[in-house]
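The chains carry the letters A, B, C, D, E and F, assigned in the order they are written, with residues numbered from 1 in each.
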Amino acid sequence: MAEAKELKQLFVVQRPPYKSENPKLALTHALASQTAEIYLDDGETVLPTIAFVGDGVLNALNNQKSMDHYGISSNENHVQMTLLIDLRVLVCKEDLEARGIDAGRLADGSALGADMSIEVVPFSEIQKEMEAADQLLFF
Amino acid sequence: MAEAKELKQLFVVQRPPYKSENPKLALTHALASQTAEIYLDDGETVLPTIAFVGDGVLNALNNQKSMDHYGISSNENHVQMTLLIDLRVLVCKEDLEARGIDAGRLADGSALGADMSIEVVPFSEIQKEMEAADQLLFF
Amino acid sequence: MKLGVILTESKRTEDTFERLQADKLSVVLAGNGIYHAVIKENGNTSKVLDKAADFYVLTEDLESRGFTSADLVDAKIKQVNYDGLVDLIMDEHDKFVWL
Amino acid sequence: MKLGVILTESKRTEDTFERLQADKLSVVLAGNGIYHAVIKENGNTSKVLDKAADFYVLTEDLESRGFTSADLVDAKIKQVNYDGLVDLIMDEHDKFVWL
Amino acid sequence: MATLTIGVFSSLVGSMSLDFAVKLAEAARKKGHDVNVWVSGNATMLSKKGQRSFKDYSSLNKTVESLLAEGAEFCACEACAEARGYKKDDTMENWQRHSMDWYLAKCAKSDKILHIGGE
Amino acid sequence: MATLTIGVFSSLVGSMSLDFAVKLAEAARKKGHDVNVWVSGNATMLSKKGQRSFKDYSSLNKTVESLLAEGAEFCACEACAEARGYKKDDTMENWQRHSMDWYLAKCAKSDKILHIGGE
């Protein structure tokens, strides 16, 4: 029996949505963790957590109408799907506040049936996650 | 006999070299003005002028070793070729000074046999060129 | 000259914009430029809005990013869609640049 | 943690870098990040260099942009090439990030 | 009605500069203007044949095809395309491929231009 | 010796992120490390077959080919490739094409990773 081994990855998203594809790729790559096992040994898993910092917090807003205007799924929708598969999504509290954005404006996972919600946390918490993570990916 | 008509285009380059291809494309497009006549009527010509402002002035430095390290022709070389075909190349004086760059560090067209040299001019001069140009392209 | 400027970055990385002069100047906030129209950083409106100019925000990009007209930080910012932008470019200005 | 950071922008557009903490922190200035190592804007060295960290500049990128070791604004900045960068990543730090 | 030439240099799938250019071209065409679009640098990607539609990506082919059918001209920078491995066969139907002089000349022939640089 | 996995997401011909990734992979390989390279987003462009060399552009194919010959693994994001119109036939020889889970798993199996995001 192989040893159970969970590898923790922290995806730090620091750029605003849509200009570059990067923030969305962070979310689609996180979603792909569901099927990574086919390339891993028995008992091995990867567990990504998403942290939005700086202008990256703008990806987590609700009410994004990119599908209506451009025919592109919104980053809001991808945040909801990430919550739906029970991955943690952190949003930096200071960066939200600096931009005058109320936490009530954030994407709501429960609309898709997710049990998880976005966690608004101070940067110090995200720093701790960076230290705890086995691997660190800045998008 | 068609009326001689010269269209003035000002290419304003405001970004540093290499990160994006844009500054080099400004120079290659300027060089292409030499052959634009095949698409124009008799007597019509396009005359681009290049102006480097902001971080764009960094494109005009000499001694760029991108060919040695990456096998890519340097933007310095393209500036020299632009001078060689007698196009004006302006560099913003204030932006050079703000970065502590001496005008002696700029690309030297005469090394390729160009009669023209880079003109270091105040921003007000570039503003005038923007007004005088028929068309304005920011790279 | 009558100049139109399209700003698409949330943080400008150069100061060309501040120095630009025109007899008539219009600024269209599009792409991530729309954040200048809706976000106050630490309570301050964006310096972009200090420029003496007519300000527009592209509706499609405003709404794609989760904002509406109710979020505009200054009443002087007018909404424009692609249709209106065509008229701004074709009829109302001599030159239009994408900064 | 022992953290290495690669900075490739001449103007940072976010403040993650300033807040990052690590027991050992190394900063590699590559791409247009090399300008932090050679340009004083209005006589001031880049704030990036204020960070308590070991600083490196990637030789290939320094020279591609027309600068040499003679231009470095601070003696604490060490030159490193791709060969040396591999050792920084593989042997000397736990994690390495591209900001 | 007048002629608008749009040049797009930056980006591609995933960024929105190409979306912007195509939507602006469409809006201009609807108002009866003539439209030319030049793609250079990374934007050359717009000319690639066979792009598959995904909900996660902007999919501009259909709009480009109807603009072409209505007489809009789309042209890709030939050197930029070749450098990216896009041969003539890789190019969408009815697109042109020329050197950069085509763009300068189209600008010269147009009432208004919008050059989209950026990153 | 250890394993390094590099993920490249940004840019392509003309920007230097891909050059950086390929040169770093080459340097790591010379030191005896195993190397995996994942390209996603716009960097998928690196996998396109038939890129022509111009002095004005970085030309990375030859280096990638010798790295592949030495056992380095290169893999392109399948959805990203299809969205850009790169079919299987468009892909350079010896490249892999997989979904994003490949990258996460390769990271998990590696001693060190470098994820190159940026714009």
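FYI, a contact is a pair of C-beta atoms (placed from the backbone, for glycine too) under 8 Å apart; a residue touches a chain by one contact, two chains touch by 3 or more.
All figures in this text were calculated on a predicted structure; none of them were measured in a lab.
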{"item": "Target chain F, source chain C, minimum contact steps", "value": "2"}
{"item": "Contact-richer chain pair [B-F vs A-C]", "value": "A-C"}
{"item": "Chain at maximum distance from chain D, centres defined as averaged CA atoms", "value": "E"}
{"item": "Farthest-lying chain, centroid of Cα atoms versus that of chain C", "value": "F"}
{"item": "Separation of chain B from chain D, taking each centre as the mean of its C-alpha atoms, in whole Å", "value": "30"}
{"item": "Centre-of-Cα separation between chain B and chain A, whole angstrom", "value": "43"}
{"item": "Geometric centre distance via CA averages, chain E-chain C, whole Å", "value": "24"}
{"item": "Residues of chain C engaged with two or more neighbouring chains", "value": "8-11, 13, 31, 60-61, 97-99"}
{"item": "Chain F residues counted as touching two or more neighbouring chains", "value": "11, 13-14, 16, 23, 41-42, 56-57, 79, 113, 115, 117-119"}
{"item": "Residue list for chain A, restricted to those that touch at least two other chains", "value": "15, 18-21, 25, 28, 55, 70, 135-138"}
{"item": "Chain C contact footprint on chain E (complex, rising order)", "value": "2, 4, 16-17, 20, 23-24, 26-28, 30-31, 33, 111-118"}
{"item": "Chain E residues within the chain A interface of the complex", "value": "11, 13-16, 19, 23, 55-59"}
{"item": "Contact set on chain B toward chain D in their complex", "value": "16-19, 55, 58, 61-66, 68-70, 74, 76, 98-101, 105"}
{"item": "Contact set on chain E toward chain F in their complex", "value": "11-14, 41-42, 45, 48-54, 56-57, 59, 79-80, 82-87, 90, 119"}
{"item": "Parts of chain C lying in touch with chain B, wherever the complex brings them together", "value": "1, 3, 13-16, 19-21, 95, 97-99"}
